[in-house]
Amino acid sequence: MGKKIHVSTTINGEAVEFLCEARQSLLEIIRDTLTLTGAKEGCNNGNCGACTVLMNGVPVDSCLVLAVEAEGAELETVESIANEEHLHPLQECFLEGAALQCGICTPGFLVSAKALLDGHPEPTEEEIRFELSGNLCRCTGYDKIVRAVQAASERMKEVK
Amino acid sequence: MSENFNHAQIIKDPGDNYKILGTRPVRHDGVDKVTGRAIYGNDVQLQGLVEGAILRSPEAHARILSIDTSEAEAHPGVLAVTTSADFPDLGDKIANLGEGPVNLAHLAANCLAKDKVLYKGHAVAAVAAQNVHIAREALDLIKVEYEPLPIVTDVLEAMKDGAPLLHEGLLTNLVPGGEKAEAPSNISDHHHFKRGDTEAAFEAAHIVVEREFTTQTVHQGYIEPHVATAHWNQDGQLTVWASTQGSFSAREQTSEVLQIPISKVKVIPCEIGGGFGGKIPIYLEPVAAVLSRKCGRPVKIQMTRDGVFEGTGPTPASFMRIKLGVDEAGKMTVGEAWLAYDTGAFPGGVIGPGVMCVFSCYDIEHAHIDGYDVCVNKPWTKAYRAPGSTHVAYAVESVVDELAEKLEMDPIDLRLLNAAREGTKRVDGPVYPRIGLIETLEAAKNHDHYKSPLEGPNRGRGVAAGFWFNIGLKSAATAHVNADGTVTLLEGSTDIGGTRTSISMQLAETLGIAAEDINPKVADTDSVGYTDITGGSRVTFATGLAAVEVGKDIISQMKERAAKLWECEAADVEFSDGIFSQGDNSISFKELCAKLSRTGGLITARASVDPQGFTNGFGVHICDLEVDVETGKVQILRYTALQDAGKAIHPSYVEGQLQGGSVQGIGWALNEEYLFDEKGHMLNPTMLDYRMPTALDVPMIDTVIIEVPNPSHPFGVRGVGETPIVPPPGAIANAVKSAIGIRMTELPMSPPRVHSAITEDGNGAS
Amino acid sequence: MRDFEYKAPATIDEAVTLLAERGSEARVLAGGTDIIVQLREGLRKADLVVDVKKIPELMSLAWRDDGGLDIGGAVPCHVLYNDAKVINAYPSITDSAKIIGGWQIQGRASLGGNLCNSSPAADSIPSLIVEGATCRIAGPGGERLVPVQEFCTAPGANVLTEGEMLVSLALPPAGESSGSRYMRFIPRNEMDIAVTGAGAWLRLGEGGETVEEARLALSAVAPTPIVAGEAEAWLQGKPATEESFTEAGDIARKAASPISDMRGPADYRTHLVGVLVKRALNGALGRARGGDRNPVIPSGINLC
Amino acid sequence: MAIVHVPPQMQKLTGGLTEVEAEGDSLRRLVSNLDTAYPGFKDRLIKDDLVAPGLAISIDNVVTSRGIFAEVLQDSVIHIIPAISGGR
């Protein structure tokens, strides 16, 4: 017990290796070991979505993934959404549309919303609300978040 | 592209010709918060940092006979264990901690229980270990011997003679701070206001409606759990990294609980993941501090989510009886209110604002109000957005709606007829300065939402009004003018919703420069003057005022520099729209900044303000909904929030406050509640079963900002943060009534409650 | 949570050997959305966690020659509802897959895991029952087949014995002129545990006016998900109308023996059985008559 | 003379008067004058140089945060109301 396990994985395009205990969550390792603290712990129970990351392109609650399961996986966190010079249209629209207040849920929303738009570039309001219902926000009442995702979808159309 | 963001309707004040105020710049801390770089409380990483965990009571009421921590201390990887035995004895000392009086013994005993546990989840001991897993393993090794005591969780039960007493010596304050009752009880405070002759007025009234209402315990529900990191240095200097609504308040509370000088405590405010009033009190700071002193390492404690629900301060459950009388014309002549709020485990709840808010929207000649704060075996209740006001607004607005029905009057017309206005005397005494309730009601009446028909079966529309104060309190700010024409602004108000920017915009407006040229920093308690909490809808108002004063200081200092350049008297230098001028000379703010170092050095300015008195904010909400009569489930179809917001500095964040508060109110109205079993254990301490609204549960929230200027602020700013949570339960209850003809007198209006009401009513589908 | 050993075998035999060796100390990890929470909260204990997601059979969707489908025990929900062929053949199953937790949960959670967790309120079990699914179970004694309705034995308990694991769920070929629907009632529109759930499957007779065969299963109204047999039998040959479905709902209520808990009082749950059976049958009817089979977003009245 | 509105629970101090007059250009002076006229008044309002916990004093409809040092005018109107304790 307590024996550390060696894990090789890819995070935000970079190959990384880490040691972990079997009981440690992916969220714990991403935040404390890899010091990518963008993903947040809101409930550690899969109910708030603040810890959402992409695992092989699919959104998951990283609090409900064992770090050892990341062996050989492709992980993406909020830190990977912007490129060197520019914010992603979703990030721009979240800022211009004031879609965050305290900001603690924002990384999770951005990761989920990016996955949504990548797979479904023109979602309806209802689809946006449904696909984001695994992410809780207590500040905004969701209005400005939904509008920001709609605005980003338009903006991404224009650049294409 | 801002048209995509579909902004609110803004009804401006005629005198409004601002350049910066009313625009929508991107918040200064925005990029850090969308890239994941912003440092929140749990993101703090320090050399040698270790993690802590809290042991919580499995009993809702018990005497602690003994605590044996020896096994936990011996557990490999454990660095320190603490209990209340490590806290100094505080006697019965009351301290005024910025946001009102606090009994320090209670504050400390809530951080770590002393001789008794008063609620399930009450913190009993804490462990620091190499990692949180080891710390939690060690919690299981702490042996606590409890002697269980009878419990009481219902506010009315707790008021009865013979109810189990939480505090054997508690004597009711009959006058706050004054005369006390002879016999001990669970009632900590009794507030009482009387005006005129209510008995006679009810006799004379044309219609009288009296109803009883109950509401359940609800939580602020911020997504970030409480977290604190403390490092107690060998030299006795304590540094705390906190997620708090007030770094100075956290410093005072921590130093008082630990009985160390304020000068020995430095609080560094981290970004804060929501508060809504719940992050004013401290829970973890002194515990992490003591653990750090014991193990010589920085200690971080983050609460678990069930720890947040069971161990921090939600807002009270309540029982309310409201009686209102009107004359033939619908004029409210008389009102009576009997209010009982549970304060949870310790005295000092929110009944005070409850009694002040209950009739605050209306001009009522004869009134009689009784309010009680009552201790029960539940977490110590704390402020939650307009604390105490949402309860009474739900009750009063329901009764007002019923009066409108009986009078066959439009509900907004009835409210207009009776609305408080400048000069109206509140039942508790104060007379209103200029307020905007009338304007807000009129805007609601003229709104497309209210005018458009609502069709379909089981659909209904409801309206309700709501009130909250804006407090003033103390704020300070310091500014450094840079040679490139920008200004660095240090302020002490932790930024929960974009206040860095709303404060910077007020300085920018004063200096006639762009908001982007201000570089705001939320400073720690060693680096900026005393600033009270972020709360009470005060920051944009009071800290904004400090920023304006700083701006004036900068301008007068720069006038002297301009005078030097032009060899004239500073008094002859004019300043407007960012240009200094005298005769034919003129120079822009930026140009003059470039010359500062050669005219006596760069400029620093500071201001410390303590604006006296609060102003008021009024909101009116319109709600359309449909009831699924087969299941009792309520679906919100359309929602509009209108508010007298004063000058909206950054309209997007004002809209955001209206929308966020509305949705919290919708959650409170429909599904949120603490469920307890007979042992006083909370059954639903998760975000799965404590049902806060998801994105799929609510529609877009339409907003209207009515800019009735606040006479006590140079830009007419009013606080807007709290009022929006007040009207929703009343508006929704009134809409349910109009949809299915049933008046719901209990919150939340959850599907089983609504369905059983339908069944009892006989219109049910079953 | 106590630390434990982690193994990710590549074959069923390896997995079964591990599970047999370690017996009750071992737990299977599929999507982890239940077991990780239960281990963390001490509701279940494990010294060994066996991750079965590296075993090809457990991660595959295999269409059989007879037109039926084998769903690997660890195939995550999002794979199912993103597969047009699955949606078309077994719509009640994709209804369920689309509402188990949020998107982030569906990225991991599997029908097999939902079944093995054996919660009375499981959203996928009524659908698996009405679609006629059979569990393929591997164990030290070889393989055995168990119909889904016989799998759960009590809250959190099932027929799996030490060393056994669920390999896949075998679905029969989707019949002609049939359709199915799963509906649950929850106070919110998403992110909630069923207060009551109902799965309905219909095959219509000639002309599509009468019910030739009906299958009904319920969740959260008994210690395990149950079949509403009397209502199924009653529906046979009845006209496919609102009236019949309402009547079927009333009959189905008799099968319910719910408890009162924080998610709803017993009598309310029993009442909801009638409502949901009627609504699910209506949904199934629409699909049997060629209506849209895509999972329905559960917002708004009558959609839950 | 400033006018002080007396809340019901304090009216037994003033022999039932709901309104009393008092001199004093600061709250401290005003209260000590009141206390001579109505003994016990000071104890109720002031606790170690601060407005008593749970209480707030409104002077001309402005709730002061300056406690006993608050300025009082000749014709000020004073109300004694609950503090918004926890109400922030």
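Letters are used for the chains, namely A, B, C and D, taken in the order the chains are written, and counting of residues starts over at 1 for each.
Going forward, a contact is a pair of C-beta atoms (placed from the backbone, for glycine too) under 8 Å apart; a residue touches a chain by one contact, two chains touch by 3 or more.
None of the values given here were measured: they were computed from a predicted structure.
Simply put, of A-B and A-C, more C-beta pairs touch at A-B.
For chain C, the chain with the farthest CA centroid is D. Per-chain Cα centroids separate chain C from chain D by 69 Å. One finds 28 Å separating the Cα centroids of chain A and chain C. If each chain is reduced to the centroid of its CA atoms, chain A and chain D end up 56 Å from each other. In chain A, the residues that reach two or more other chains under the touch definition are 21, 23, 44-45, 47, 126, 129-130, 133-136. The set of chain B residues touching two or more other chains comprises 133, 688, 693-694, 696. Among the residues of chain C, those in touch with two or more other chains are 1-3, 189-191, 297, 299. Looking at which chains touch one another, you get A-B, A-C, B-C, B-D.
Contact residues on chain B toward chain A in their complex (touch as defined above): 1-2, 4-6, 24, 26-27, 29-31, 33-40, 42-43, 45, 133, 220-225, 271-276, 302, 304-305, 496-498, 650, 652-653, 655-656, 659-664, 686-688, 692-696, 698, 700-701.
By the touch rule above, chain C contacts chain A in their complex via residues 1-6, 8, 29, 32-33, 36-37, 39-40, 49, 51, 53, 76, 78, 101-105, 107-108, 189-191, 297, 299. Contact residues on chain B toward chain D in their complex (touch as defined above): 94, 96, 99-101, 173-179, 189-194, 277, 280, 348-353, 355-356, 381-383, 387-388, 428-433, 469, 471-474, 533, 535-536, 538, 610, 612-614. Residue ranges of chain B in contact with chain C, taken from their complex: 133, 136-137, 626, 628, 630-631, 633, 635, 670-671, 675, 683-684, 688-689, 691, 693-694, 696-697, 750-752, 755-756, 765-766. Partner chain B is touched in their complex by these residues of chain A: 21, 23-24, 31-32, 35-45, 47-48, 50, 77-79, 81-82, 87, 91, 93-98, 100-107, 110, 125-126, 128-130, 132-148, 150-151, 154-155.
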